[in-house]
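Input: one structure, supplied below.
Each chain gets a letter, A, B, C, D, E and F, in the order it is written, and its residues are counted from 1.
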Amino acid sequence: MVKVGFLKLGNIATAPLIEFLLDERAEREDIDVRVVGSGAKLGESQAEEVARKMLEMNPDLVILISPNAALPGPTKAREILANSGKPVIVVSDAPAKKAIKKMEQLGVGYIIIEADSMIGARREFLDPVEMALFNSDMIKVLGVTGVFNIVYEEIDKVIEALKKGEKLELPRVIINKEKAVEAAKFHNPYALTKAMAAYEIARQVAELSVEGCFKVKEWERYVKIVAAAHEMARIAAKLAEEAREIEKSQDTVIRRPHHDDGAILMKRKLIEKPRRQKT
Amino acid sequence: MVKVGFLKLGNIATAPLIEFLLDERAEREDIDVRVVGSGAKLGESQAEEVARKMLEMNPDLVILISPNAALPGPTKAREILANSGKPVIVVSDAPAKKAIKKMEQLGVGYIIIEADSMIGARREFLDPVEMALFNSDMIKVLGVTGVFNIVYEEIDKVIEALKKGEKLELPRVIINKEKAVEAAKFHNPYALTKAMAAYEIARQVAELSVEGCFKVKEWERYVKIVAAAHEMARIAAKLAEEAREIEKSQDTVIRRPHHDDGAILMKRKLIEKPRRQKT
Amino acid sequence: MVKVGFLKLGNIATAPLIEFLLDERAEREDIDVRVVGSGAKLGESQAEEVARKMLEMNPDLVILISPNAALPGPTKAREILANSGKPVIVVSDAPAKKAIKKMEQLGVGYIIIEADSMIGARREFLDPVEMALFNSDMIKVLGVTGVFNIVYEEIDKVIEALKKGEKLELPRVIINKEKAVEAAKFHNPYALTKAMAAYEIARQVAELSVEGCFKVKEWERYVKIVAAAHEMARIAAKLAEEAREIEKSQDTVIRRPHHDDGAILMKRKLIEKPRRQKT
Amino acid sequence: MVKVGFLKLGNIATAPLIEFLLDERAEREDIDVRVVGSGAKLGESQAEEVARKMLEMNPDLVILISPNAALPGPTKAREILANSGKPVIVVSDAPAKKAIKKMEQLGVGYIIIEADSMIGARREFLDPVEMALFNSDMIKVLGVTGVFNIVYEEIDKVIEALKKGEKLELPRVIINKEKAVEAAKFHNPYALTKAMAAYEIARQVAELSVEGCFKVKEWERYVKIVAAAHEMARIAAKLAEEAREIEKSQDTVIRRPHHDDGAILMKRKLIEKPRRQKT
Amino acid sequence: MVKVGFLKLGNIATAPLIEFLLDERAEREDIDVRVVGSGAKLGESQAEEVARKMLEMNPDLVILISPNAALPGPTKAREILANSGKPVIVVSDAPAKKAIKKMEQLGVGYIIIEADSMIGARREFLDPVEMALFNSDMIKVLGVTGVFNIVYEEIDKVIEALKKGEKLELPRVIINKEKAVEAAKFHNPYALTKAMAAYEIARQVAELSVEGCFKVKEWERYVKIVAAAHEMARIAAKLAEEAREIEKSQDTVIRRPHHDDGAILMKRKLIEKPRRQKT
Amino acid sequence: MVKVGFLKLGNIATAPLIEFLLDERAEREDIDVRVVGSGAKLGESQAEEVARKMLEMNPDLVILISPNAALPGPTKAREILANSGKPVIVVSDAPAKKAIKKMEQLGVGYIIIEADSMIGARREFLDPVEMALFNSDMIKVLGVTGVFNIVYEEIDKVIEALKKGEKLELPRVIINKEKAVEAAKFHNPYALTKAMAAYEIARQVAELSVEGCFKVKEWERYVKIVAAAHEMARIAAKLAEEAREIEKSQDTVIRRPHHDDGAILMKRKLIEKPRRQKT
């Protein structure tokens, strides 16, 4: 039994469901999961406290997920975790690229998701409901375009190595449009191109969010800009859904459920049993 | 500063973002949030361990969220938390109604969300991506139809009382279609009726999920039934979106962001500043 | 030539087109159809008058269609028809289940359609146009999901037996989601699951209509509830259409036109001739 | 109490629900309705039989509805009814224009609906389900665009005159795009133009149906043409729905329910009571 | 190198992109293109001036494109071009049928596109943006339904003959719904019927535009009529898009790019190389 | 009468309709338009020839429109035109920014449209129909988002100055998302934000087109990338349409038709006369 710890600081769209990506039906017998988080805030003090709490639970592997892994809070947490000697995988968004070198020096793995864009965090615009809807749209995009496939496959690989007592190779992955849609294993090439387009639109959301949140000072202007960012996320989700509906129309939706023993099974037709994949 | 703990056992669609509903832009200065969870599993042993870990963090208030609060795991966690003397609010789905009496005897509050329906948890159907997409759809429904408004307003009320040192009145709320859409404060009545319809479709998802997961034994039949349940969730999300788009078309989307001090502000027009609401 | 009488009391969504389901292009030479009805009302006196009028036409078979076959009017008509010795098939909606025992004792057949839900019959909401639009949506759902297939196939079987002078076996069918979509013979399994979901949403319309029409007394509340019921019907029709469009995209729409001699032919590809099916 | 008879020969999209347009909630106390019909066929012998059966019921007013009122069957029925001295209103589709002179000579009223186009009645294409879906689409178009408003208002006027013992003025109406949308009383002008466009597309369906049913002989060609006709009906229904959704978004959907006494009430806002209109 | 001149008088929806249909990626080495036009106006004086300017450029072939080739301006230009001895192909819309005889006498070829309907040219309605959106919709319809295929194939045939020094056979084509969709080479028959329906709706736009522009005098009426015409164009574009999306879902979109040498290549699957077609 | 010359080299989405933006109903009496173009190619030799041909027509103002104004062909044409002493306005896309300094030195005006993105010009993907559909989508985006408003207003200003004999101030405008949507004068702020999002998606198309056309060498990869670029254009057009449909639903679509005398009139409600705007 591998004990997997998820340390969550702040939020990106990959974070809310990440632990369930590993065990989507609560049937897995080879892992035990623990989650610790600090809510929306990701300051150094919170980061330190929750990192230490995580270590108290004695996980075999820690997934540290936060926006912008280069910020002080995530950096602090990362160092505490890494210094414990536990294997650590950082999951973060595009600004985390600035921390790659440090992460590599520290020996932690990383999965950087370019399309997991910043939310339009302006008080005149973002309330709890708008926050939830944005996450809903981005989860749809990340789910359909293949991002989540990469996330859980990479983590599963490390779990598998831990189970077998093999030497760990922690992932060093930057997910871009081509890697994402490849991982999604679309059958129809137009579904793939729609997904790729959805990915790119989602990725570009960050440009407007950053502009609206940090660069533009006049509130009448920045409200429009962050609202436009969320419209982009919404339409990207629509495009992602077009991609998946195409696969449904061909009965070629790939499904890769986890077996109880942690193996990733595979199937294409809805009325068919999933099978173990050849390695 | 009120320390709010979220204890998450397993998953319902309200769970992944619940802590962010309280502090959607990470600007709140009156609360500090800690999250502990056990991932997909919610057995008694996990429940006990994470409940104790939560108490170690010494929260002023604990939100315990899980599917079916009547199950042994959530029951165990609830009892440990309640016995600590901390105020506890249980957030759960329709089957939790069976636990109401026990919860009232234990003195814990509860928010039961009828529309937060069970996922189609069959291995032939549910893989990580399908799980994520279902949550995306349900989050959209719950967000638009007013469920999340009730959730954070009820928790905020208790936080407010804690801040003022007032006697606590813990919520005892069962969210149904009428309560939800009232909380959403739609301006257009057709937006309201679309949201109410979306709520009901989402609520009905549980019927098919339960039938497909627990009653039907032939796999070719139950796969179709749980897949139909997810199609219902998807179309409910579409209907929810119609509701919100109507409000956009009138520039009457209500937004109620949190102020730094925890107050819930209010605004209707996009280009307008949110204001404190009269109490 | 079999003379088929349709006696219509009040309206359910299966009623307006039922006689045309048997002879969709007016080419059938083996049957002659007569319809008698009482419009929207289905009281005992109207029921009696039209039932007697129907018998005057001396049909070989009578289809009695009405909402809630357990009501006094439909019951009266059913008894008059049955007592004449004519074979009778009752077509009705979910509340008709209460009359099953009586129907079986009386020796009449029945086809009960769970998804043929009650309309939102409140004066503040339902005007002639809203009534027509609701029927339009429900006809789409019933047509796509396979309900109409069962209706005309069951009646055709009895006609066939009458033509051959065989002993009649009148149908005793309760159409539920699984029977409906099986009868629709979808080629694509996702089309099937969408149709099943549409069926269930349509079925659930009745819950809200009944609540809005009979249980809730405050008019501001019941208007919203019946309006939500109609939004459910509308979105169910959209989902049904998604199902059919998938089949179109695969060129696998099944078509089963009647031959002049009453046989049900079959074809799948648009550009192909329908053929007699093997029995 | 005015006894209104509906004689139905064959089918046009206005026929299936016409009697319910007069009494949409079965609450009207000033009329009693009887319907007699011959199903899909409208030959002279059937027409004669059902016309006589209708007269036996002694209606105060007869609505005779059929495709192409210039055909022998409808002509026969019309003459029988008119010769009885009963007031008669013919409701028919565009080809009925050829019978206008005769109808005027005979003293019967008429309502001719240009957009109630012929179905694509080719055996390779039209089966019971396709027939139902076409009617569903056309009912939506006719309902939204104002056609049904004219139909029931014209009949109601005659009923009112009968109730008051006034001299009857039977309608002589040809419904075209402008009359239809005027009767629909749209509040938003773009809703009106969308409805007008939907009306025209529906009207044009007849061109292709007639070409596909009567002019083109090669089956591979005519199947495509009648299938295109049905695609036109489907997209016209979508456009009609856009019109209605706009009115919903403004909360300006006009509703004109019948009162128990037969008066046509009126309202605009969803949450408002319908009122008697000033005459 | 064949020098192809395009003379544009006024605008129809085929005109703005016609020269690019011949060389969609600017890679063709066998032709050189020159365009001369008079903008929106197509009076005789403008027509004469631009026709002479075109001849100064000494083209090997002239494509003269304008609305209503029977008008004095296009007639004048046609005569000047034809009298120069250059081969001329007229591309125009439905009213051009009146000029067919004259064109044949003059020895010019013609391609008449029935669905390239007149715009709703009323000052109260048509501004630059509405004009652009109408053209956008019509280009989509003409592109998907096969019209543009015929246009460039016919011109390419003449270019080919010029290159080979063969005797020219100038096209005499009236594009109707069946010719268009045949040229589009749809793989799925429902895509074909949707395209045919889109074509017919687009064709019918002219009826309303002409009525609104020339027949109705009251401005409140004609504004609605021309606006309805544009709604028809918009929904026709949607239907055209449905057709293309079906082909995408099957990975059967036909693509026929030009080779550098002017040959029209062909491919069906997205991930496949286009090949020369057998003649 | 001002003679306006349009010189078109190659194609961007603003080019096909640009001359009609000035005179959308062919009623303007203050300008005469001449267009000369070289089709898809924009090499130096073609550019020189058509530029000289344009000058022969003796225009009062020349609009030179091409992709990438920094390329040799457009540069050549620009110099020839500028050296003639005629006022010149260059309209081009984002890469033209490289030529700004040169254009300013040469004294020509410019309008650079960031969202007028490059097409996916790969032979395996781009055929004449795909080219047309891409232009259709981009025209919709540019039309709705306000780009075309800026284009014709800037040109009209210069025409007005020419008419009055005033000193010319040639435009120096780079159209970005905020300038575009401001020019579109949306009434509803969500329409504005949707348009802004559509603009940004369209702008981002260039990134993928450039990557697919110039950077990626493996054809299986670049086909997917350019196809994704076109999916982005398509979904941007959808979002633009949502924006316009919102304005329709409010009856607030701004229309600014040209008067015969060249003045830009203005109106908001569909059923209202356009009026001269106060300056």
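Here is the rule we use: contacts are C-beta pairs under 8 Å (C-beta built on N, C-alpha and C of every residue); 3 or more make two chains touch, one makes a residue touch a chain.
What you see is a predicted model; the values in this text were computed from it and never measured.
Shared contact partners of subunit A and subunit C are B, E.
Listed by label, the chains that touch subunit D and also subunit F are B, E. When chain centres are defined as mean Cα coordinates, F lies farthest from subunit C.
Interface residue usage between subunit C and subunit E, two copies of one sequence, is largely distinct: under half of the residue numbers at the contact are used by both copies. With centres defined as mean CA coordinates, subunit D is found 56 Å away from subunit A. Centres computed as Cα averages put subunit D at a distance of 40 Å from subunit E. Taking each chain's centre as the average of its CA atoms, subunit B and subunit F sit 49 Å apart. Within subunit B, residues 189-190, 193, 224, 227, 249-250, 270-271 each touch two or more of the remaining chains. By the document's touch criterion, interfaces exist between A-B, A-C, A-E, A-F, B-C, B-D, B-F, C-D, C-E, D-E, D-F, E-F.
Contacts from subunit B toward subunit C in the complex involve residues 177-178, 181, 189-190, 192-194, 196-197, 200-201, 204, 207-208, 221, 224-225, 227-232, 235-236, 238-239. Listed in rising order, the residues of subunit F touching subunit E in the complex are 4, 6, 8, 10-11, 16-17, 19-28, 32-42, 46, 49-50, 53, 56-57, 121-133, 135-137, 139-140, 142-144, 148-149, 152, 219-220, 223-224, 227, 237, 244, 255-259, 265, 267, 270-274. Across the complex, subunit B meets subunit D through its residues 188-190, 193, 242, 246, 249-250. Contacts from subunit F toward subunit D in the complex involve residues 245, 248-251, 253, 269-271.
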